[in-house]
Structures are given as structure tokens and as C-alpha cells.
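Shared between the two complexes below is chain A, which pairs with chain B and chain C, respectively.
Then we have the complex of A and B:
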């Protein structure tokens, strides 16, 4: 009995000591590396304040937001806004447009920077390489509003330079701006023109990590240039590709809103209206904040689920994943 | 990645704007006001108390200055891009008179609506909304929540003698600016002479001259209009040897719709009432279907601009400046053509179809609501109201219509208000350009009473010509306002808002499709069924009830 007691006491004492130890080491770890924690603090605070803080406002998706009562005191309505959205006339159109534009963009826009980066990597002439890179980066710096203006001007049926060129070659030009069938192509291809060059940067960085000895050894073994790209360069950047693909899929319901809004008109609406433009219209223009927050929340939840799912798949099939 | 950061932007903005501390000077007062308003609302029986003994004590009920001790208030209004409000002589003069100065917040007119909505959601309001085009929905919603102050007690208690006089003489105006709960949340623009419900359409005078069409021979039926548009298209009226004429110009049809709908007896493009007091929704009427058929015919024969649904108003104006447009809408034709005011371009004569005996022509109701409002954060409602009341007197209206005396005009006879123009400074193209730098009441619905006296002696040949065009082409057609100015209850308003969100998109989209032929007109029945399913009948029902309530009040 006594022995037992002393045992328990001992055990208790040990566990207390270990908890103290843990706390102790935690603070010790922090104080030992305080410079690193200081370094990360601004980023940590940024996310806390600007990305987690605002989530407090999400609750208005389940409320009837009245500005005078504020976020906290507005009355609860449960899932009413979600039900209204799911029953809305445009629900399926919005989902379809958002998905097809995103997938189209992903399928066309995702591989191109990879190909371009592999090509850049093969250029040996420094001057030529720099020039081509600068030329392909340049469109990235055009703002969305100007970009939309350029698209509309170039594709205008009466004065557009592209339309004139098509007509000059003897074809009749499609109504790019107003034909719903052309909207997605116009959107995706102009995006490719604008962002492919910029997208190569991250792959070029990854390619610079290739060990030159591998190439030397391969050349000695008589490997052709194609062979080396296929067997050395691509495997090196596969982790980068996987991570970027996961991130891209994670934002599949979040297509670039400004450009779509600026290119939208009543005629192409049937293929250009996406969740984000719908949120803008109902939220900011028709002042239905709660409803549009509900739609935005739905969008984010779907995105988060997709991100998790794709990450899961990537982890199962390869060793690369976000977490 | 970019997209995922943006999804909650709506809620994050409002959160952070709430988070900012309100200006400490007004904090205490707004809390006091806010709680007293809330108390007023919750108890139901007692009316909300506006203002306080303290803020009232500083105000002179008569004459200038309005306040004994100088105060500064914040004011929100649209910037039309002519001049900073703080540099406008009208405000500077008014500050000297009244002892009230302002801190201005002026988002550009283009994005004003969005900005205004955000301000309401943010919880931090300007003290005064000036020329902010508050919609009736805004007034009902934010008024019932206590964000906009009810003004009727202050008006009746002697803080707005000029306005009170107008309201007492015209009970109809008072009726039109009072919401169903009996409050007045906004002050109107009163202009009993105003005629245009929408800016008129104008024919290109050069085209008519080239085709030898006299003003008396202008089209009076839809078929004659069609024939003339064909001639615009085929006979090269701009004489440049190219077939680049655009017979009928439009941007999304919003500019021409209400004028052409009249040909099928429809007074307004949205909700309107007929002579028997029955409320109609234009977009489900048979006449609207005829209109679509007609516009589709114009489209398929290239008489209606094929860029109608994709161009911006600026692009349309550029075509007008290069003399390509035959018939177009603008405030004045020379705004589109460029150059000086001219009497060469005649106004469109309302046309009629075979379906009706005479065209339906809309006229402005002479009143626009939502021009001025005071918010709960305003520390001096009495002084603010006295300030705006000056705009409803001849002197105040003159100050804010044309700027202080001696700049753009000078008085010839003080007794009968005759004035004359001063020479235009050389840096300005036209008097209107100059006027836009003097006063905020330029291109914005500002609170004022525009009486005929304001223009006395200032009317030039062009203005008289426009008056005559109005006389012959609008007033002669027995016009009526499409729908009286009336308010819905907050419940009705919120039902309408949620019903209309999808319906308006659908209607706009289908109109474009029907006109351009993407959807054949055989799809009309389907369209009608869809709109009805979206609740168009309920909308008519709500407005009918509101109309009956208004009529019997």
C-alpha cells in the first residue's frame, strides 16, 4: 500500500516535471530562436488580421445583415440564403460557367509556361534569352482594366485590328465580344498572352537547380537534347509542377473576377456570368450583403474541399503534396 | 491562387470599416442619437427624437449666419470631374453666409453607387448625403433602421421655412416624399418645368439636309421611321463615299427603349400605370413583344448599331463625333456631335405603330427624391436642414445653379429677377463647362427648387428652340409620368429586391438575345413563362398595392 502510494506520487511527480519541462523547452526554443520568430511575426500577424480576422464577418451569411445593427446584432436566419441560392434560376449556369472557364484556363494555361520555361532553358545565347524573356514578361504588367480595354478595342466589329485582319484574309469574322460561344476562348487566350511569360519564372528557378553533372554525364552517354529534357529537366521540376497544380485546382471556382466583369455584356452573359460576378451584382449593386456572402462562402468551401481532395490524390500517387 | 483571397472581400471590407474608430468628435453624439433612435424604434409608440437641445441652441432660426459658432460637417456627393467641391465658389460663398464648412468625400460619379452602398454597410456615415441619388429602397431601408434621420419634425418646427412653404402650397409634393411610415427621409429636386423623363433622341441634321428631309416630314409612325433609317443606311448622307452610317445608335437599348416603347402604348420601360390606375410591368406586355420584333427587324437589316450590346457610351459618342450616327439619344445633340450648341439637329417625334391611336409619351414627374439626407452621425441636424433650406429659396437656388453673382451672370433687375450672362472666360468651351466648375449642381440631382425665374433673361436662341421642340414634340402628345413617386414598405422593398435580382438579369439577357436574333421570337411564350415563374405577377401585385395606397392617401 505504502509502496503503491509512493509509486503514484513518484509518477505524479514525474508527469508534473515533464509538463513543466515541455513548457520550459517551448519557451526556451522560442527564446533561443527569437530572431526567426520575429522574422515570421509580420507574416503571421498579417494572416491573422487580414485573413482570419475578417472571417468573423462570415456569420452574416446566416443572418439578415442590417447595417444599423451591425454584424453581431443582426438577426439569425439559418440557411435561408443558401437555399435561395441553390434554388436560384442561375445556379447551374453559374456553376457551369465558373467550372468550364476555370478548367479551360487550367488545361490551356497550365502547361504552356512549363513548355516555355523548358524552351528558355535551352537557349544559350544570353542576349537573345534576356530579350525574349522580357518580351514575354511585359504583358503581365498591364492592369486588368487596360487589358480589357485592349481586348475590346482589338475585337470591335467596326474598328478592331484583329477583326480587320480576319476580314482582310477573306474570312468573315465571328462576333468575339457578343457571341457567347467565343467568350471563354477570348478570355482564356488573352489570359495566356498576358501571363504565360510571367508563369515561367518559377519553373526557370526550379530548372536552375538541375545538377550540371547530370547533363554532362548524359551527354557523355550520348543522350540527345530531347532525351535530356525528358529524363533530367522534367523530373527535376515535377515537385514544383505538382504543387502549382494543387494550388490551381484549389482556386478553380475563383476565376479572375475583374476581367470577366469588364468583358461582360448582355449578349455573352449566358457564358460569362460566374459566381464572382454574381456576388458582385447581388452584393454591391443590389445591396444584398447576406445573400452574396452566403454565395461567396459556398464558393470558398467548394474551393477548400477541392484543394484538400487534390492534395490527397497527389499524396497517394506521388510523394509531393502541400502537406 | 489570386481568387481565393478575394472570396470574402465583401464581408472583410465591412468588418474593417466598422473597426475604424469613428471621429471622436461625433462619437458621443452619434451614440446619444443612436440610442435615442433605437429607443424610439423599439418602444414603437414614441416618435424618434431628432437633434438635441445642445445642437439646436447653436442655430439661428432666421437669417444668416445659420450657426452662431462655426461648425464643420462631412458631406458625400458625386464628383463629375469638373472641379473639386472645396474649390467651388458656390460652397465657398455659402460657407461665408452660413458659418458651416464641409469636409467633402466625393467618389467619381461612375462608381458612386457602389461606394454609397459600401458607406451604408460600413457603419460610418457622412453627416450629409448631397446629390447622392439615394434610391427609394435606400430611404426605406436605412430610414427604418435609423441611419437616415426623419426630417418632417424639423421641417415643421421652423428649421426649413422655404421648403415648408413649398410643401404647404403643394400637398402632392409632401405626399410624394413621405414614406409609408409617415417620415420624410430625403429632400427632393423640385422642378415643375422639367419635361424629359429620359434625355430625348435627336436626328442628325446634316443627314436630313443631305436627304432633303424637312422637319415637318420627320417620321410619325414606326414604318416611316424604318424607311428613313433605310435611307440613312443606303444613301450615304454623310457624303464620304463609304457605307459607314449607323442609322440608329444605342448602348444596350437603355437610351432608346423608353422612346420607342411608346409606339406600342407603353409609358415606361419598367413599372407603369395606365389611365385607369392599373399597374403594368412593361417587360411582360404584348407591346414589348412588338417592340422586340421591330428592333429585331432593325438589327437584321443593319439599321440598329451592331455594337449596341458591346459598346460603351464613349464609343457611341466617338461615332457621333465622326458624323456616323443618324438617330441617337443625348441630353443635347451637340454633346454627341461635338462643337457648339446648334438648332440644326431636330428632336425625335414620338412615333406610333398600327396598334395604337397615339404614341404613349412619358414626361418627368417634376420631382426627384433622394437628393439630400441627414444621417444619424450628424451632430447638427437643425443647422444642416437650415443650410439646405436656402436651396429652396430663389437666392439659394440661384447660388447653387449658377454660382455666386458676378461670375457667369449678373443681375439686371433685382425686382423681377432679370439677369444677363457675363462674357465667358476664354479657357472654357461653353457656359455649361464653366458652370460645372462653379457649383456641384451640374449633372447631379441636387436638392433645390428650380423655378422659371432662375432662367429669366438668360435664355438664348438655342434654349428657346429647345423649349419649342419640347412644346411640339412632347407636350403636344399628352404625356404622363410613367409611375408616381411612391415608397414601398421595408418588407415590400426587400421582397422586390430579392425577386428582381435574377429577373432583371434574365430580362436584360433575353432582350439582347431577342433583338439580335440569338433567340427567335417564337421563344416569347417560354420567356413569358420564365419571367412569371420568377415572380413578375407578384411584383405587379406589390406595386399595385403601393399605388392604391398612394392614391388613397
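Then we have the complex of A and C:
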């Protein structure tokens, strides 16, 4: 009622207003809420300085950055750094490692939270469900450093419990920490252990939106549990799955490199070096600012393009997309 | 779901398998956690030989004793508490007011601000330009290098904004305005008191992030006395283990002996240090789980 009234008042006001009045009300709308600009000012400054500031600094990817002359006055070199990167012998190794780790993670890690959430959804709320949820969520809060510590401790060739278990079963254990062939599996499976439980929350939220009447009707019609999951629950969470899949594919060149950096050692480097660890090493440790900025820029541009492309595909093939 | 009709045989088998599946998931996640707790109070001899595999054996608290005697762990702990408290305060001061402003439909320019924030989610300047900026601002080797570059997260702003949009009725704001209440007063006296749940969720998200982060410290701090706990842990848990047994096994002679000795002393305290460093979070987590889950769910509505 009230809303309607205010609407008609507005419409009447608008029809009478000349262009000048319109501008006048525009400024009035701004000045009436001037304090809101005060509230958003800290966030605005933060993003301007710490996110758009570095974007201004990206230009050193096309320059030879000389610390004495600063970002703006360093000489331009065009695409030299990019060409050097594309022609380097490690270029394809980096791309391959980054892509395989991401895809491996996506293929193994993406479906598991969905399966677990569907399983949670089948059982009644009780102590068992609560216990499993609390326990499986917990590893989410373990820091990357502790996680890496747990991995190297459990897989230590002389004392690790997992190595010991493999030996008890009568096999000889591979050198998980130093064998390049095992690095990716170690990285992906530890990630599964840490984040599968937490990943169910978003699907459980989506599943809670299922209308119980649908299930009741299906039960009356004699649909089995399996059938109801397949025809009611899964279609309900498809939008959530699509959105998360888009986001995941969009960040495919941005693997969780903090963990990789911790687990990396000279022996497994051939399969553990990804673009981000390479940027860290050449940029901050070897102080090749311009070159590593170029490599990082290549990475973010590919990511942004992938995200747009995947979103486009999703929009064409289904009605769910980010924008 | 009310079982109106008696479940069929196949449904019961399905349900049973479902329970088995969940039980396996439970064991897989729980086992490493139990092992770490047991190992932290067991004699390293049993732990290292694999004789201790589930329940504590040869109970000793020497690991914890070593942790409490370790000066750098204490220092790291104190630093982390400082960084977490100050950092979370800064996060809240930036996030909550911005989220409230963005939740107001009569806020001219909200689309612009929202777009400006969202772009940073998908495109960033990258590691090196950010490093150069922090360096130019003179923040390197100060606490602010760990706090200011992450003063807000777009995701959390969106979560808080969604909360304000759904819990602060528009009528409340209109009534306040009619009574001559300014926006700042409205925010401070009415919105904030109504927003305890979202402030708690935000404080938790940001707080855990600060507690667990190491990378910014690795990049920006070079003074060891300023290291947060995670950097100290990195030295104890990862670097020593890597050199002590990973690569030490490949070398031989005296160097390897020395390395093994160092690894032994690290072995004694590494489980205890995992517990001590993770305890503050794990101890409060079951009580706050509700809030964490709420936070993720609010986010998923708009996400």
C-alpha cells in the first residue's frame, strides 16, 4: 500500500519535472545520502590503492623496470619479456604442470562434495549426521603450513605412518615427497581430505530448498530413493553445480600455489613447478621484476579469458551463468 | 522426509550403503586427526617406528614441554595474536560500512562501486606489482604489510551486503529518516546493533584467515622476531622435515647424521606444535560451526 502511494507520488513528480529539475533531484539524491559515501570510502580507497594500484604497475611487464627510475619512467621494451617466456625451455613444462594439477584437482575434487552432500541429505538429522559433518568440516580450518607439515610427516620415508602402512601390507612404498610422479596425487588427495566436507555446505543449502511435497508425491508414486535423488535432488542443485564449475574452470591456471610452494623441493620440481611458484621464484627471489610480472600477467589474462569463455558456453547450453 | 509408505527393500539397502559411505568418509577424515593427537603425547620411538598407530603409546608430554620452552614459538604466537586482532578489526571497519552502503537501494553509485570491487575478483595486478606497491608505501617489514593488502575481501562484502538487504527493513530506514535521524546515526545506533550475527561471521572468517596465513609474511617480513606463528611452523614442520629426512636420506655421511639428529628433535615437538597452533581454532570451532555455515549459506544465495 505504502509503496504504491510513494510510487504514484514519484511518477507525478517525474512527469512535471523539467530536465533541469531532474539534474537537481539527482544531486539531491546524492547529497541526501552523502554519509553513505563516507561509509564506503575506506573500501573504495582500499580497492583503489591495493588492487587498482598494482594494475597500474602491470605496465612494467612491457618495460625494463629500473628501481631507480620507478614504474612510470622505466624504458619500454614492448613484448620482449613475453617472447622470452614463450620461447623458454620451461614454458611448456610450467603450462603442463599447472594444467594437469588443476584438471586433476577438478576431476577428483569437484564431484566429491556433491556426492557427500547428497549422502548427507538422505539421512535424518541426528547425532551421526552431526558428528560426520563436524568432523569432515574441521580440516578446512587447518592452515596450509600445518597441512604441508602433516603431509611431509605422514609421508616421511623413514617414519611416516602412511609409508609404514604400505610396508605392512607387504609393498615397498614409493618416495612420495621426492618422486615427481607422486607430487600431483599427493597434492590433490590432501586437498580432497581438507576441503570435501566444507564444500558440501553450499550444496546442502541448495538441497534444503527442495520442496518436501515433491518427495512425498514421488514416494506415493512408488519412486525409489535412488530415483528421487536422480530426478529431484540433482536437478535442484544443477544451477549451483554450474556456477561453481564455471568459477573452477575460470581459475584453472590459478592453482593453490601456497601449498605447492611448501611441498616443492629440488627433486620433485619437474612436476611441481607451476606458473605462480615460478613467478614467486624469478620475481621475488631472483629479482627479475619485469619478466615475472609479464609471466603473471599472461596467467591472469588467460584466466580472465577462460572465465569469460566458460561462462559464454554455460549461457548458451544452459540457463545458468555468472552474468 | 516423512516415510509415508514403508520403505522398499532396495531403498533400505540403498540407505545402508549410504551410511557405510558416510562412515568411511568419517574414518578417512578422522584418522589423521586422531593420529596427530595420539602422536603428540606418545614416545617418539614408538611413533617413528610405527608401533604407535592409533592410541597413544609410552605416554610422555615432552613434546609439549619442548614447545613451551621454545622461544620462537611463543614469539610467533604473540605476533599472530596481535596481527589477527588488529587485522580483523581493520577488516571489519572496511567491510561492514561498505556492505551497508551497498545494501541501500537509494545509494547513488552503488552499481559503480560494486563493479569496481567485483573486477578485482577476476583480474589482479599480480604478485610483483603488489609487492612493489607495498614496498613503495614503506610497509615492508612492518605489521601493516600483512594487514592492509588484504583489508577487505569482495566475497565477504557481498555476504554482508546480502545480510543487510534481507534483515534491515526499508521501513526502518524510512522511519528513521522521517524522525530526522542521519545516515551515520542510523548506521551506528540501529544497523550495527541489529547486525551482531553478521559481524560475528565476518570476524570469524577474517580471523581464521589471519591466523592461518603465511604467504604475506614470507614475502614482506624479513625480521624473524616479527614472524607470525605460521612462519615459525613452516621452519619446524616443513623445512626441517624436507631437509631432515626427505633429502637427507639421499646424502650420506656426517651431514646426514647431523640432519637426522635435527630431525629427531623436530620429531619430538612437531605433533605437539601442530596441536598447540591449531587448538585455538579447533577448540572454538564446534561452538561456532553454526555461524560459519550461516556465512557460507548467505554467500551462496547471491553467489
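The rule we apply is simple: the second predicted complex is superposed on the first by the 269 of 323 C-alpha atoms of A that agree within 3 Å, B and C clash if a C-alpha of one lies under 4 Å from a C-alpha of the other, contacts with A are read in each partner's own complex, and residues count from 1 in each chain.
One rule holds in what follows: a residue touches a chain if its C-beta (ideal position, glycine included) is under 8 Å from a C-beta of that chain, and two chains touch if they have at least 3 such contacts.
Every value quoted in this text rests on a predicted model; they were computed, and no experiment measured them.
Once the two complexes are laid over each other on the shared chain, residue contacts for A:54 go to chain B and to chain C alike. When the two structures are aligned on the shared chain, A:211 is found in touch with neither chain B nor chain C. When the two complexes are overlaid on their common chain A, residue A:135 makes contact with chain C while staying clear of chain B.
When chain B and chain C are set side by side, the one touching more residues of chain A is C. Contacts of A:283 after superposition on the shared chain: both chain B and chain C are touched. Of the two partner chains placed by superposition, only chain B is touched by A:269; chain C is not. After overlaying the two complexes on the shared chain, residue contacts for A:84 are found with chain B alone; chain C is out of touch. On chain A, the surface touched by chain B in one complex and the surface touched by chain C in the other have residues 50-51, 53-58, 60, 71, 152, 156-158, 177-178, 250, 265-267, 276, 279, 283-284, 289, 292-293, 296-297, 299-300, 303 in common.
Chain C contributes residues 1-5, 7-8, 10-11, 14-15, 18-19, 21-23, 25-26, 28-30, 32-33, 35-36, 47-50, 53, 93-95, 97-98, 100-102, 104, 106-109, 113, 116-117, 120, 122-133, 148-149, 151-152, 157, 171, 182-184, 187, 208, 211-215, 219, 230-231, 233-234, 236-238, 241-242, 245-247, 249-250, 267, 270-271, 274, 277-278, 281-282, 285-286, 289, 292-293, 296-297, 300-301, 303 to its touches with chain A in the complex.
Every residue of chain A that touches chain C in the complex is listed here, in rising order: 2, 26, 29-30, 33, 35-40, 42-44, 46-47, 49-58, 60, 71, 116, 119-120, 122-123, 128-129, 131-132, 134-139, 141-146, 148-150, 152-154, 156-159, 161, 164-165, 168, 177-178, 193, 196-198, 201-202, 205-206, 212, 215-216, 219-220, 222, 224-226, 240, 243, 250, 258, 261-263, 265-267, 276, 279-280, 283-284, 289, 292-293, 296-297, 299-300, 303-304, 307.
Partner chain A is touched in their complex by these residues of chain B: 1-8, 10-12, 14-16, 18, 113-114, 117-118, 120-123, 137, 141-142, 145-147, 252, 306-307, 309-311, 315, 376, 497-498, 500-502, 505-506, 508-509, 511-513, 516, 518, 530, 534. By the touch criterion stated above, chain A contacts chain B in their complex at residues 50-51, 53-58, 60, 65-71, 84, 88-90, 152, 156-158, 175, 177-178, 180, 247-248, 250-251, 253-257, 265-267, 269-270, 273, 276, 279, 281-289, 291-293, 296-297, 299-300, 303.
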